[in-house]
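Should a chain be cited, it is by its letter among A, B and C, assigned in written order, with residues numbered from 1 in that chain.
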Amino acid sequence: MNRPERVTALIVAAIGITFLIGDPYFSRIVARVCIFAMAAIAVDLLISQCGLASFGHAAFFAAGGYTAGIFALNGITHALLVWGAATGVGLFAGIVLGSLCLRTRGLYFLMITLAFGQMTYLGLQGLRQFGGDDGFRVPRGAALFGEVGLSGTLVAAAVALVAVVGLSAYLRRARIGALVRAARDEGRRLASLGVDARPYNLAMFAISAGVTALAGALNVNLVRYVSPELGTWFLSGNLLIMVIFGGIGTLSGPVLGAAALIALEEVLSGATDRWPFFLGVAIILRVLFWDAVKQTAKLLKS
Amino acid sequence: MSVLLSVKSLTKHFGALIVTDGVDLDVNAGEVHALIGPNGAGKSTLLAQVAGEIRPESGAICFDGTDITRLRPHQRARLHIGRTYQINSSFRSFSVRQNVMLAIIAASRVRPWTLFDRDRALAADADEILEEVGLAAMGDMSAVALPHGGLRQLEIALAIAAKARILLLDEPLAGIAAGEASAMIELLHRLRSRCALLLVEHDMDAVFALADRVTVLSEGRVIARGTPAEVADDENVRRVYLGGAA
Amino acid sequence: MSWPLLIEQTFNGVQFGLVLFLLAVGVTLVFGVMNTVNLAHGSLLMMGGYLLGEAQARTGSWLLGVALALIGVGVIGYLVEMVVVRRLYARNHLEQVLATFGLLLCFNETVVWFWGREPVLVSLPPMLRGHIQLMSGIPYPTYRLAVSVIVLGVAVSLWFLIARTRIGMLIRAGAERRELVEALGVNIGLLYTVVFSLGAVLAGLSGILLGPLLTVQPGMGDPLLILALAVVIVGGAGSIGGTFVAAIGLGIADTFARTLLPLAMGGGAGRSLAAMAVYLLMALTLVFRPTGIFGRAGGTG
């Protein structure tokens, strides 16, 4: 599914159904899917357009979360301010880290983003004034006016997700998307035509970081808690898994992947405490056998 | 005739191996200049240095009065020095038309935030160029699906789109089937009105049909220079091509 | 910082570095020869620790426990290679990372399944308890010294294996030119299995040796794996000598950072910065010298 209108319709339908069902537990899950879908889209943008797989995006998620949390601790809860600031922090971090990380490619890029992700996680653990290892509770979520409840957060997350889907569709169709894809294909050739792709890759990286930070800030509204655990490499890995579950390169892929992973978590954890085991198996099967399954399906169709 | 490209005393080593040994070379505006020589003479390396992909140890390269010796490839491209490659490297995720569209963007104001796919004006400009090189019918085809000769035509289309004033061609006729060679020579002929050509080539028929002047390289050094007829008569050249006395 | 403390920390740093080397060698061999990244390598370390604890509990002997644990990890390594990893050699790095990440999840849960979440106890054999006097007034734990000696012995044997035996030559050749090795009539699949299993046993050994020093608990190997990745990057992927130097260097750097920085900067921030130090070095290497101090792309030496 690659049309933004269709994906938007899907999201709106899902939200509508969620409100109809009216179960807070279910609403919480859907909100969580929206939040992580945003971050997954950000990760997918880098992979499918720039050819860069990042294992450190949790750092931006955590940065957004801590920004929102710190604002809340200081009594600032106006939504536009908080989320704007979080996105800004993400953009800035993206530019700074991107300038370093984009000097590498491929596996080395994966490793350096892992390193920076770890540094962020460890750095956050050292912030005594913000609870160190344990993090801190956030008294109030960010809101446009008054108090915000679960429904408000759900709507906000859904709106943000739709906006991000639109952004993703736009970037793919814009010249910047074409240029970074061309650079991914044949960087030397593009240079010989007159374009140095580095500023464009940096812009994509920064946008990806900003979106992920926004997701982290929205997450604070949902869980009302901020801790270094937001920045572990497990979270970065989970984002990559969502992308690969849903299929790299499509608009709907990251959204479906996030839904699939979170749904799997919910279903499995109800059945057994050992559910990560089965998640691990699912990931292995997906990586190893999905292509074969698709080939077989094609053969069966024809 | 004004000198467009001027190479002076260019030298390059790879370790102890000297691949370019004090080479001087001039290309005039509107000229077709062929670079020939036996295998291993350093022709492709010389071309790569003019393109900016390899840094020479010493010497200077001037384009249209500007010293470009220290400039990186994309900066030289911005000065309208075009390049085609021996091993084809078109953009494989894009169609033939989109490849040309990318080249057009690269040569002008990039405007990264405007749309690419739906840009009709850009597509029309690209189609004009495809028409010129004979690929008009294959605009929608994926670039990787082009046959070998078509890839060559695409490379030239990209160079035209990039508004090259000089085109650096590395063996444009290599690997082209005998029947298609004359079409390619014809195409290169038509390019003369647009830009100067500096081409590395082994195919002597093509060299004689196209070149205004020829420079002969052997073991990194220039051993002869002149019109194709003059060079064909040159003793040094014969020796190097046909084998020496020993 | 007093002299005794300095000497003690240096020895600790070298010892930590040596164990890190054991872990990192597997990573660098698998990457150098098969161009494969295995995130579950730390899980093999963890299995070493758990199997030692279990074997020791059942047999009452540390020595026997070590032997059984080594065999056990070897078998596990072989099975993992046969079932999952060998299908990853032809895949791209992202797929390798994700699939082995899945393996890591499976291992962590398996361990909880069998042994629960509480740490497992591994006890020292009587002869390795207590202290030895390094110099007058500087007691040093006997066990730590023993660990260093054991790892040095393993390192020398490894060098001998790679540099002087036929299989070592095949490993080096396999890293440089796969087609060449196949043309020699060698079963490349078997070579890969051997290399992977060797790496697994070494990882298991590091877990076995670390058992009494760290807590044997789920996920114990994962932070160490990332450190091992840092070692491999800094030392140069595929170069065993580089891995050795980088491991000792990073081991000492990490140990000193952990003792000095908290003293200089106070508790939380100091410890945090200390932990970050190694990753900073890793990032700097990737930016300025991606092939590492000794590395060339694809080559053991």
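The rule is simple: contacts are C-beta pairs under 8 Å (C-beta built on N, C-alpha and C of every residue); 3 or more make two chains touch, one makes a residue touch a chain.
All figures in this text were calculated on a predicted structure; none of them were measured in a lab.
K.L.:
Based on the touch definition given at the start, go ahead and assign the chain network to line, ring, star, complete or other.
P.N.:
Line.
K.L.:
What chain pair shows the greatest number of contacts?
P.N.:
The chain pair with the largest number of C-beta contacts is A-C.
K.L.:
If you average the CA atoms of subunit B and of subunit C, how far apart do the two points sit, in angstrom?
P.N.:
52
K.L.:
I'd like to verify one number: the distance from the centre of subunit A to the centre of subunit C, where each centre is the average of its C-alpha atoms, in whole angstrom.
P.N.:
A distance of 32 Å separates the two centres.
K.L.:
How far is the middle of subunit A from the middle of subunit B, if each middle is the mean of its Cα atoms, in Å?
P.N.:
44
K.L.:
In their complex, what parts of subunit C are in touch with subunit A?
P.N.:
Touch list, subunit C to subunit A: 37, 84, 87-88, 91, 93-95, 97-99, 101-106, 108-110, 112-113, 226, 229-230, 233, 267-273, 275-276, 279-280, 282-283, 286-287, 290.
K.L.:
Would you tell me which residues of subunit A are touching subunit B in their complex?
P.N.:
Its residues touching subunit B are 173-179, 181-182, 184-186, 188-196, 200, 203.
K.L.:
Contact residues on subunit B for subunit A in the complex?
P.N.:
Those residues of subunit B that touch subunit A are 51, 53, 72-74, 77-78, 82-83, 85, 89-94, 98, 101-103, 105-107, 110-118, 158, 162.
K.L.:
Within their complex, state which residues of subunit A touch subunit C.
P.N.:
47, 53, 55, 100, 103-104, 106-108, 110-112, 114-116, 118-119, 122-123, 125-128, 132, 233, 237, 240-241, 244, 274-277, 279-284, 287-288
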